[in-house]
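After the structure tokens below, expect a handful of questions from me.
As written, the chain order gives the labels A, B, C, D, E and F, with residue 1 at the start of each chain.
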Amino acid sequence: MWYTLRLQGGSIDLAQEDASAASRSGGSMSATRQPVEYDEATPEVREIYDDIMATRKTDWINNFWKVLAHDPRTLKRIWSNIKEVMGPGALDPLTKELLYVAVSASNGCRYCIASHGAAARNKGMTDAQYSELLAIVGLANETNRLVTALDVAVDPRFL
Amino acid sequence: MWYTLRLQGGSIDLAQEDASAASRSGGSMSATRQPVEYDEATPEVREIYDDIMATRKTDWINNFWKVLAHDPRTLKRIWSNIKEVMGPGALDPLTKELLYVAVSASNGCRYCIASHGAAARNKGMTDAQYSELLAIVGLANETNRLVTALDVAVDPRFL
Amino acid sequence: MWYTLRLQGGSIDLAQEDASAASRSGGSMSATRQPVEYDEATPEVREIYDDIMATRKTDWINNFWKVLAHDPRTLKRIWSNIKEVMGPGALDPLTKELLYVAVSASNGCRYCIASHGAAARNKGMTDAQYSELLAIVGLANETNRLVTALDVAVDPRFL
Amino acid sequence: MWYTLRLQGGSIDLAQEDASAASRSGGSMSATRQPVEYDEATPEVREIYDDIMATRKTDWINNFWKVLAHDPRTLKRIWSNIKEVMGPGALDPLTKELLYVAVSASNGCRYCIASHGAAARNKGMTDAQYSELLAIVGLANETNRLVTALDVAVDPRFL
Amino acid sequence: MWYTLRLQGGSIDLAQEDASAASRSGGSMSATRQPVEYDEATPEVREIYDDIMATRKTDWINNFWKVLAHDPRTLKRIWSNIKEVMGPGALDPLTKELLYVAVSASNGCRYCIASHGAAARNKGMTDAQYSELLAIVGLANETNRLVTALDVAVDPRFL
Amino acid sequence: MWYTLRLQGGSIDLAQEDASAASRSGGSMSATRQPVEYDEATPEVREIYDDIMATRKTDWINNFWKVLAHDPRTLKRIWSNIKEVMGPGALDPLTKELLYVAVSASNGCRYCIASHGAAARNKGMTDAQYSELLAIVGLANETNRLVTALDVAVDPRFL
């Protein structure tokens, strides 16, 4: 959990402390929602947590799912999408994670880079591959702007 | 080249005709620049065109480079970047193209999707792989927004 | 379907003609895919088309679904998401469409503005409401940049 | 105010302390500007603060305005825009705030989500409505990319 | 005005023809709105058109304003903003236009690049300057992604 | 360097401490990479650091380069691009920095705003100029969305 330290004079004020308390009691609609731990979860949520852990062969749940758990319908829907899209298919699992990381890096989603970066690493991504991925993300963002700004016509051979 | 047909009454007006004429004569600063064909190119530009064709083992130049050719310094710089970033490395050539297509699709760059999609196809991308790539691009854009809007804290295990 | 007219000399060249022919025969991986009409569709795809028409109480299918139909898994998955998210809930149907239009307008997705704009209109959106929606989209994009650029700290009362 | 803690060895270094001091004295052009409190404000700025509080029937000013106050012309201009666009019209006040939140969530503006989220809450937004709003924002971002990447042609019925 | 040619068999179908007719009669809510010409405009709109032409020392109105004219409040509000922000100030008029073009190029707004590009040209922008502007826009988009993806900490000297 | 304080009960947990240790030893692929200081750098990296300092007539290296240094090829490539694009040309050095800041502000890259903002300040940018730049960035983002959403046709005079 992120804490914002507000220092006024010589004292430290942990502003989010109250927010998290309020959030836990359901009385807040702060943009930040506290993760729902397994022990606190409803049976409906636990069933999804169990499926996530079984599918991923792991024994823990990362914060994205624990935050989505405040809205069990969305938790279930998004997990179902991820399970299908990132499951076995025509692209191998590592390539799928690399693509997820690349889009997340292009969009500047820090959490998504961290979580899918960890997943890619578990599937074998090396430091050198990650560096090349970032270089491609950066360069594509550069040429995407040049192409659009210059309104380049699609070559007939590409159609 | 894109033509905008303006139909007024029963007659067809090809508005861009004049613009392209002006562009060819150097008198316009239209956002759209006409491609510089090999035969019209300066020796400096031809040298880069030659290197592009030799590197890619092909006998033609696509519009992106022919439009950049109005600014030879940028043409040379961008080609040098692409040659290095997309050249041999830790990621295989197909994966590199898939990443380029994914970022371009996420950014909505139609030309870039078409050109790098064609390159990916030449390197073996199948229809099924392209469909999965698009599904990942779409889903990552969805979860990227959910994560950011909910301000999900990065799990310590991901750091 | 979009056609690119390429006019060279006095003749009109319909470059996409071949692409669409190739696409119909499955031999192309053009970024543009031809819509799959009901009569051409597989039973699996027709079942989804039928559900879309029954759910929406209409007798036709718009191009988005007909283009997704090249990839029946994604067609089924996206329709399932739309059906759930845009179905009955805590927000009324018009408000849901307005939110979809607003995000699409902010992202510059012309097709999405047109299709969800039509849906919003069918649910009662007036011209005046659409004008106000666009004004909010524009202004939010302005203040979002000012806030981010100035790195404004979140007020404790908002947490 | 955000503080960056830099921990080197066992000591805590509050790097922003100097920056804020400099900012207060007007000698810095840090991207982060300190809020201008009512008591420190010029009569010109106080007049706008008074109008904000009167219009919103509240007794405090949030940081966005207090940071804009370093540039009174922009403070006045943006407030005038917000007052007009978010004021009475064809859309009800809650719907207007929901649209503002949706665009801000799509753009990833944390402060804007928090401030307009609080405003929406004050106007009656429930937790369930907020969850549905986020689901729409996420899904629209997914389908916007699919539509653009697949270059779907607008159906004549939508034109 | 853009026309979409739909060619089916050997015949040309001008789909937007009907849409524009509907739009002129006020019966459509197509995303595309037809420009309101001076002669058709209400006195309220003409007054703004007159101010635009007087301020810019020109005798015509570009499409952006003519399309906004369907919503006179927004027309007036946006013109008032542009007049103030782009008017005399601490930055010279050419630099202001260059900044507007750069943001528009980064966002991929074709119309905005064309209109503000023309304005910049009128204020003296050369071809070489435009090429350098585009190079900066492209490179900034590249490094912006690298910085965000790598989560680079702000140097204390920059605070 | 950013530290995330995790407070559980009464104790402070500095989660990133381990990550940085791992990163220094090369065993982590955390999204956040620790800056490589001059003394730790390889001769290849030092040579680039020396060129950066000589070109900029300064005696220190900012974090962007020190983080890129984990990937010397990218460090060298990006520096070579920046040196060329931001070097002497048709636009004066201050205007170039203003354009870089404007794009970075539009994209919400906090580090880039801070670093290029500092560079612009060193080249003479005043507070008033920075305020005007931000106003243009904000307004362009507003009108870019209105133009795109309304699908405004480019005036023939702009082509």
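We take it that contacts are C-beta pairs under 8 Å (C-beta built on N, C-alpha and C of every residue); 3 or more make two chains touch, one makes a residue touch a chain.
All of these numbers come straight from a predicted model, not from anything done at the bench.
Peer 1: What's the minimum number of touch steps needed to get from chain B to chain D?
Peer 2: So the least number of steps between the two chains is 1.
Peer 1: Same or different: at the chain B/chain C interface, is the fraction of residue numbers used by both copies above or below half?
Peer 2: Answer different: the two copies use largely distinct residue numbers here.
Peer 1: Farthest from chain D by Cα centre, which chain is it? Let me know.
Peer 2: Computed centres place B farthest from chain D.
Peer 1: How far is the middle of chain C from the middle of chain E, if each middle is the mean of its Cα atoms, in Å?
Peer 2: Once rounded, the distance between the two centres reads 23 Å.
Peer 1: Based only on mean CA positions, could you tell me how far chain C sits from chain D in angstrom?
Peer 2: 27
Peer 1: Where does chain C touch two or more other chains at once, residue-wise?
Peer 2: Residue numbers touching two or more other chains: 1-2, 4-6, 30-32, 73-74, 77-78, 81, 85, 106, 108-110, 113-114, 117-118, 131, 134-135, 137-139, 141-144, 146, 148-151, 153-154, 158-159.
Peer 1: Taking chains as nodes and touches as edges, what kind of graph is this: line, ring, star, complete or other?
Peer 2: Contact pattern: complete, every chain touching every other.
Peer 1: State the interface residues of chain C toward chain F in the complex, per the touch definition above.
Peer 2: For this pair, the touching residues of chain C are 105-106, 108, 110, 113, 134, 137-139, 141-146, 148-151.
Peer 1: Taking the touch rule as given, give the residues of chain C at its contact with chain B in the complex, in rising order.
Peer 2: 4-7, 26, 29-31, 70-71, 73-74, 77-78, 108-109
Peer 1: With touch defined as at the start, can you tell me which chain A residues reach chain F in the complex?
Peer 2: Within the complex, chain A touches chain F at residues 1-3, 5, 14, 108, 110, 113-114, 117-118, 121, 125, 127, 130-131, 134-135, 138.
Peer 1: Using the touch rule from the top, collect the residues of chain A that touch chain B in their complex.
Peer 2: Touch list, chain A to chain B: 1-2, 31-33, 35, 60, 62-64, 67-68, 74, 78, 81-82, 85-86, 89-91, 95-96, 98-100, 102-104, 106-107, 109-112, 114-115, 117-118, 126, 128-129, 131-133, 135-137, 139-144, 146-155, 157-159.
Peer 1: Residue numbers of chain F touching chain B in their complex, please.
Peer 2: Touching chain B: residues 4, 6, 13, 15-16, 18-19, 30, 32, 73, 77, 81, 84-85, 153-154, 156, 158-159 of chain F.
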